[in-house]
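In structure tokens below, several structures.
What follows is subunit A paired twice: with subunit B in the first complex and subunit C in the second.
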Partner chain A sequence: MTAKKGISLALLVAGVAALWLVPSMGVSDSLLNLLILMFIYTMLASSWNILGGYTGQVNLGHAAFFGLGTLVARILYTGGRPLFLALLAACVVPVAFSMLIGIPAFRLRLRGDYFTIGTLALSQILYITIGNVLPKITYLPIADIQNYQLGPRYHIILASALFTIGVAYALVKSRLGLGMVAVRENEDAAESLGINAFAHKLLALAVSAFLGGLTGGAYAYYQTSYYFNYTFSPPWSLEPVTMTFIGGVGTIHGPVIGAVFFVLLKEWLVMKVGEYHLIIFGVLFLLVVLFLPGGLVEAWERIRRVFTHRPAGKIVLSPSAEGSDLSGNSLASERKEVPMI
Partner chain B sequence: MLELEGVYAGYKDLRVLWGISLRVGEGELVALVGPNGAGKTTTLRIISGLLKPTAGSVRFYGCSLDREPPHRIVEMGISQVPEGGRIFTGMSVEENLELGAFTARARREKEQRMKWVYQLFPRLEERKNQRAGTLSGGERQMLAIGRALMAQPRLLLLDEPSFGLAPILVEQMFEMIQEINQQDVAVLLVEQNVRAALELAQRAYVIENGRIVGEGSGDALLSFESVRSAYLG
Partner chain C sequence: MRTGKAVVVITVLLIGALVVSCGPQTATPTQAPPTVAPTKAPPTAAPTQAPPAPEYIEFGASIPLTGKYGALGAMVKPGYEIAVADINAQGGVYVAEYGKKIPIRLTIYDDESDPTKAVSKLESLYAEQKVVVYLGGAASDMHAATAAVAEKNKVPYLGIAFALYSIHQQGYRYLFSPFPKSPAQARDVFEILNASIPKGERPTKVAIFQETTDWGIELGNLWKENAPKYGYEVVVYETYAPRAEDMSAMILKAKEAGAETLLTVPSPPDGITMVKQMAELGWTPKFTLMIRAPENVAWGETMGKNGDYVTIFPGWHYAVNFPGVDELNAKYQAQFGRPADLLTGPAYACVQIAAAGIEKAGTLDRDAIRDAIAAIQMMTVVGPVNFNTDGTGNVLNPLVQWQNGKQELVWPPEHATAPLAYPAVPFDQR
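Up next is the complex of A and B:
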């Protein structure tokens, strides 16, 4: 491990420890609530990013996984089952559901748009169905509301968020993660290298649904009351996409940065302009996609490069790449790009 | 080692291959030449399993490939270098090579294999931490071939390795293909650069409109009148 890595790791541990100790510092409940929202949105974005960011399968129905997580956890928990069991079920049920769309779409090699539209349709079907079947507000049990404390909830949700980021990190650093990125970059080329694209896409979908469900479970444990179908509503599908792109799609820290930024800006905008914040986020999302496809992570890289005057890490063309023949002799006039068709 | 017999194939309503039969022997270097749209790339896609034949059979060491998915075919020892290389431009050179050794069989000897690829293409080692998208055309093609070699193929399928390369690079590319072939890797080479391909290959097939219309040693086809008039001018 290099010294720089050691310092980063130490900072990370210190940051997590500080976050863990926040509730015992006598801070206001509203700060705790704000942090909890950041954790939940971090989980939402990170879980979406595994499938949408790393594997390139754009899911516009993440609310289905999140909503199923809240539904299952809520029913089990208010029915008196232990919290752990409720959270576990909240993870497993969305995985089973995700296979409904994943297996047919990936097996038939329905690429891109078909999968995206399928996820959107399924989440809308759930949204409407749940709204008709369970039209009532759901409350936590009376005893829970009487003794409601933010502290323990804060810790469980923080732990869930760390677990989510940890799983995402371990996955994308593994061989499977490399395979997922290869599938995203070029499915045919990936297949021609012996990568089973179907299995990789399905795995990414399952992990994304699992963690999306956990996010829902955390939300169901945190919120005292909401309408059952609220957690299936479209914003829960669209916000993870927005956050991930603003932060930096296909990176581990991107969704975290995006979620923190999103929560802060949203809280502020909602106070200032109310529902119009949706328009502002829509425009922001378009601007990021058009002009800063790497999100805030990329913006930071660019700024750092300007200040350190360092040639950009991997992205720069080294001088000898400008033109050379196969054995390394300079051949400035013969440089030709192979079109990637 | 590889045998195609009476293979018909196409896309949707368009039939591209009309009963292709060809074979590649152990360690052989075979060229498949023909004009644009004749079905050369489709033939390679059939062998690598990216496209399934509607009729006919593909056999590799006697095993039928008809039902095998592409990733299994790679594991059995056939690697394809797609046209244009299709390297992963967002990843580093080394990551591209690592992905080449994705199958369980290839992973076991990844380190040695990578050394060998770096020996073949020293340029790749110099650039191993560089993003593959920053490579020049020739380097990209090297990377694509190196990546395919990482899978320890016994048969290498090359789709237009000279495509988009300057003439001097083409010559070097063909020398490298020969060198790889001498390391006991059979090669099936698809080329539009007919003369160079026929000079290099031990045997060659000429394909036109989805049918094999000529077969013979590279030299024989070079002097073959219809080939001369059609491709060599």
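Up next is the complex of A and C:
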């Protein structure tokens, strides 16, 4: 291990430890709630990024996985099942659902805009159906509400976020991850090299659904009351896309940065301009896609380039620091190098 | 070694977020500042012994001022604001712990008729304003979401404009509602009909249009259960989703079944759609109880003559004969050019009760205030109020009817401004 790597690892451990200890520092509930939101959005964006960012299958129906996770976890948990079992089921059920849509979609080679619109439609169908079938509000059990403790929830959600980032990292560092990127860049070319595009896309979908479901499970454990169909609503599909693009699509740290940025900016803007924050985010998203397709990660690279005076030709961009459009097509006219992260 | 750099960036960002969040956070909610500067407290306690008093007693409300319940929220907000202004005009609420009167500061957020946003607003009010009392918004599905937050944060919550009874069966301790609930509404409609209309002329064939929401389901089932006990028969029981645009199928079913009474709880937009389509399809029930939608003062103007004969259980009417009502009407008249709206009185009463609770508790401790409110027995603009152990209030349940574009109080007789207009004249003959 190089000294540089050692320092990075030490910083990571220190950062995680600091985050873990936050509840015991006597901070306000307001701050804990803010951090929890960051973790949830990080999970949401990271799980979306596996299918949309690394595999190039832009899913505008991620709320379906998130919503199913909340639904299953909430029903099991309020029904008296152990939290671990509820969270596990929250992960498994969306995977099963993803296979129902993924196998026919990928078998039929549903790509690009067709896949995107299909996923959007599916999540909307679920949103309306759940609203009609389960119209009543869901509460945490009364004992949980009356003895509500933010600290344990914070730790469970932080652990879930770390697990999500860890799974994403392990996946993209593996051969499977390389295969997913190859499929994203050119599916036909990848297949001609012996990569099973169908299997890779299906795997990415399953992992994305699994982690999206886990996010939903964590949310269901955190929220005291909400309507079942709320977690299937369009913002839960669109916000992970926005966050990932703002942070840096197709990178591990992009969704994390995007989520932190998104939550802080959203909290601030909601206070300042109310619902107009949606317009601001829409404009920001367009600007990022047009002028900074690698998101904040690319912005950081550019800033670093200015200060280190490194020639542009030697800048190494991460797989999709160049970004991709909503159909998964690369936006970069010239590719430099494609390491995994 | 890009991973290492990524790790550094993430760590720094997260720690940065933490540091940033630790700083003071500003909120720009709608605030009702005290209209009169706080006056000196009566010299009942030795100032040297009392702890330093806070500048204000913080009240917080999340109200649907826009969205589908915007019309309801618009009636609730002035009730809170006028009551706070009235109390502050007297110097505020006397708090024995501090030996002085302290003015109330009311912070109001618009939740846009979105229960999730309402939950978030209440969390902000708790975290930022450190409110000691929550004042609720309007509509049962909104309260269903927010009451749990009050329970979690252990903040006394006074809510009106919701009749959902099941919230009160959750075991919540901090929820109080001086407003009629579904069981009373499900019983009273039949009792009022039987008391007002001679046997043989009663509209005994009932159609229930049940909205697929918590309250819609609850009240629909209660009506269905109660009808036979009072000699009524439910001939049509149809469900519809909120924001339904086509209600013709269920209207035609009711028409074909010869239904004479309509019982339903639509939101304001749905109520307008429903009555318009009833008029178009030529079905005029002899009696219509349509809770919620016609509470909006603009109903008469929007619906014209089609809006007449519809009755409501709004929880209050400006003509009720209780102390303080005339003064409230006068202030409302000066501000809005009409007597107080249907939900304004109950909203006013919430602030009266909260203030009385604080005064009785003698402290701003939320648990003590909660206990004081639970034990309260007082006269308000909605009449005498006390609470059952589940937080439901024992209050009057008046019936109001739209007659010639005006909301007339038709029940109870001792408060009534007009008799019940029955049967309804068919739409095409008005």
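By our rule, the second predicted complex is superposed on the first by the 310 of 341 C-alpha atoms of A that agree within 3 Å, B and C clash if a C-alpha of one lies under 4 Å from a C-alpha of the other, contacts with A are read in each partner's own complex, and residues count from 1 in each chain.
Please note the rule applied: a residue touches a chain if its C-beta (ideal position, glycine included) is under 8 Å from a C-beta of that chain, and two chains touch if they have at least 3 such contacts.
All values derive from a computational prediction rather than experimental measurement.
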item: Residue contacts with subunit A in the superposition, subunit B compared against subunit C; value: C
item: Touched partner set for A:S192, first subunit B, second subunit C, both or neither; value: first
item: Which superposed partner A:R175 touches (first subunit B, second subunit C, both, neither); value: first
item: Touched partner set for A:A14, first subunit B, second subunit C, both or neither; value: second
item: Common interface residues of subunit A - those touching subunit B in one complex and subunit C in the other; value: 316, 318, 339, 341
item: Contact footprint of subunit A on subunit B as seen in their complex; value: 48-50, 69-71, 74-75, 79-80, 82-92, 95, 98-100, 102-103, 106, 121-123, 126-127, 129-131, 134-142, 147-148, 151, 163-166, 168-169, 172-173, 176
item: Contacting residues of subunit C [partner subunit A, same complex]; value: 1-11, 13-15, 17-18, 20-22, 25-28, 110, 112, 115-116, 119, 123-124, 126-128, 141, 144-149, 151-152, 170-173, 212-214, 216-217, 241
item: Subunit B-facing residues of subunit A, complex; value: 175, 178-179, 181-182, 185-186, 188-197, 314-318, 320-328, 331, 334-341
item: Residues on subunit A engaged by subunit C in the complex (per definition of touch); value: 2, 4-5, 7-9, 11-12, 14-15, 18-19, 22, 27-31, 33-35, 38, 131-132, 135-137, 139-140, 142, 145-146, 148, 223-227, 230, 251-253, 256-257, 260-261, 263-264, 271-272, 274-275, 300, 316, 318, 339, 341
